[in-house]
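Both complexes below contain chain A, partnered by chain B and then by chain C.
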Partner chain A sequence: MNIQIIKKNDISLRLLIEDTNAAFMNTLRRIVTSEVPSMAIDDVVIIENSSTLQDDFLAHRVGLVPLKTDLDTYNLPEDCTCKSEFGCNLCRVSLALEAETEDHTITVYSSHFKSENPVVVPVSDRIPIAKLAPSQKIRLEAYARLGKGKDHARWQPVSMCAYKYLPIVIVNTKLCDLCGDCIKICPKNILTKAGDKIEIRNVLDCTLCQDCIDACKKNPKALEVSWNENSFIFEIESTGVLTPERILKGALSILEGKLKEFLDQLVVK
Partner chain B sequence: MKIVILNKTKNELKVRIDGEGHTFCNVVQKALLKDKRVELAGYDIPHPLTSSPIIYLRTKERSNPVKTLRDATRDVLKDTDAFKAALKKALKEWKSTA
Partner chain C sequence: MIVPVRCFTCGKLLGDKWEEFSRRVREGEDASKVLDDLGINRYCCRRMLLSHVEIIDEIIKFHEAGKNLRPP
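Moving on to the complex of A and B:
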């Protein structure tokens, strides 16, 4: 297996993975979206709420705020040593939110949260939670914990995780008459005219839509679109709770754990 | 994860894996199909709301199905290790160029 990084920044990671198979890619994808834990608010105690939003609606909005996650310090509540329904400071973080206004309308943002742990804070300060009209007030205490995407989407650490086959686009120069229809129709602009032939600029962007083949008037077609069954472009886009490489590493160790547990239990007699 | 062996003969094996789903079974099934000793391998999730898939495996003569399933699982484990190593290398190369 060979991996090449195509793009990498704080929230997204795009990899070219060669010499693997679709089943393995799909397993990784499924673990990334539904089993890598992240932090989100789970319990909300509303002390005061005179806004126009009902308590349950407000709790739902608060729950969907992505929180920066520290996977090394915190435990999943079901694995925590405290075994307590209320949690302890190794499996729970409390955040307080207090906002009120006297004579003008305000928007309450995620920056109003005061976390007991400065590491576990909303990923952005500019997530609107509610709007308050004059003399309205919100006071609540929220408890965040680690959870998994399969239990609720708020614990999903990624906004997107997908893979596709590595595209192969071939132009047959003997058949091509340079009409340019394929260049015009390509939604990703991967084809270009260079001198007296059609060239492929960035084959990795190809979505395998095959529009260029439909546009080609030649018979047989002057283009051929196919894909490599053992090479993939795998992309992760994090919500900001964890870095994409941390999510991927987490997914790999979860898969490793599953396989080792299976081997431990399945014994030849 | 909890494994329950439902049926075992000389060349057949039926196991239920409580607490798992497509994530685990699909990758193991595909690894089994690559093995030349395997005649048939598949899995079924009897009900979509339960997480207790059943893997069914039939091997060709003289092959122990439990051993075959262990070998397939080990193959996936090898893939995981290869992925880890390749990712580590790729991240290192990225750091040195950036």
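Moving on to the complex of A and C:
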């Protein structure tokens, strides 16, 4: 297997992975979306709420706020040694939110959360939680814990994790009459006219839609769109709770654990 | 009512981008350019901001007015 980084920044990572197969890529994708844990608010105790938003509406919004996750310090509640339903400080973080206003309307932002652990805080300070009119008040206590995407989408560490085959676009210069229809129809602007031939600019952006082939009036067609079944473009976009590299590393160690468990069961029989 | 925290479809965090989006569009910028600038690329996320109406701003007026009616 050969891996090349195509694009990388704080929240997203795009890889070219060669010498593998769709089964492995899909395993990786499914583990990233449903097994890699992240931190999110699970229980909300509303002490006081006189805002225009009902308690359950408010709790729902608070639950969706992504929190920066520290996977090395915290345990999943089901694996924690405390075995308690309420949790201990190795599997639970409490955050308090208090806001009130006297004489003008305010917006309550995610920055108003006071976390007991300064590492576990909302990913962004500017998420509006509620708006308060004069003399309205919100007081609540929220309990965050690690969870998995398969239990609820708020624990999913990614907002996008997808793969596609490596596209191969070939223009047959002998058949092509440079009519330019394929250039116009391509939604990703992959094709361009360079002198007396059609050139392929960024083949990695191709979505394999094959619209260029339909647009070509030649018979047989002057273009060919195919893909390499053993090479993939894998892209992952984090919600900000973990770095994309950490999500991928986490996914691989979970896969390793699952394979080990599978092997152990085979040996016993 | 109030801007959703995340995209309904993919789960991308969008709540923190609403205020900048609505301000810049109100000032006359092209919505599609603002969305590109904010890094909102997928159409599921783009429609979240594009079609959002902040109704809470209308409802809260009744509460602002109600304050003056309440006895001190």
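Observations on the model:
Here is the rule we use: the second predicted complex is superposed on the first by the 267 of 269 C-alpha atoms of A that agree within 3 Å, B and C clash if a C-alpha of one lies under 4 Å from a C-alpha of the other, contacts with A are read in each partner's own complex, and residues count from 1 in each chain.
To be clear about the criterion, a contact is a pair of C-beta atoms (placed from the backbone, for glycine too) under 8 Å apart; a residue touches a chain by one contact, two chains touch by 3 or more.
Only a predicted model underlies this, so the values are computations on that prediction, with no experimental measurement involved.
In the superposed pair of complexes, A:183 makes contact with neither chain B nor chain C.
Of the two partner chains placed by the overlay, only chain B lies in contact with A:24; chain C stays clear of it. Of the two partner chains, chain C is the only one that A:64 touches; chain B does not reach it.
Judged by the touch definition given at the top, the superposed model places A:134 against chain C, while chain B stays out of reach. Within the superposed three-chain model, A:96 lies out of touch with both chain B and chain C [touch as defined at top]. Contacts from chain A toward chain C in the complex involve residues 52-53, 57, 61, 64-66, 105, 110, 123-128, 130-131, 133-136, 153-154, 156, 158-160, 237, 239-240.
Across the complex, chain A is touched by residues 1-3, 5-7, 10-13, 15-16, 18-19, 42, 56-57, 59-60, 63-64, 66-67, 70 of chain C.
Against chain B, in their complex, chain A makes its touches with residues 1-5, 8, 15, 17, 20-21, 23-24, 26-28, 30-31, 34-35, 245, 248-249, 252, 255-256, 258-263, 265-269. On chain B, the positions that touch chain A within their shared complex are 1-3, 15, 17, 20, 22-24, 26-31, 64, 66-67, 69-70, 73-74, 76-77, 79-87, 89-91, 93-94.
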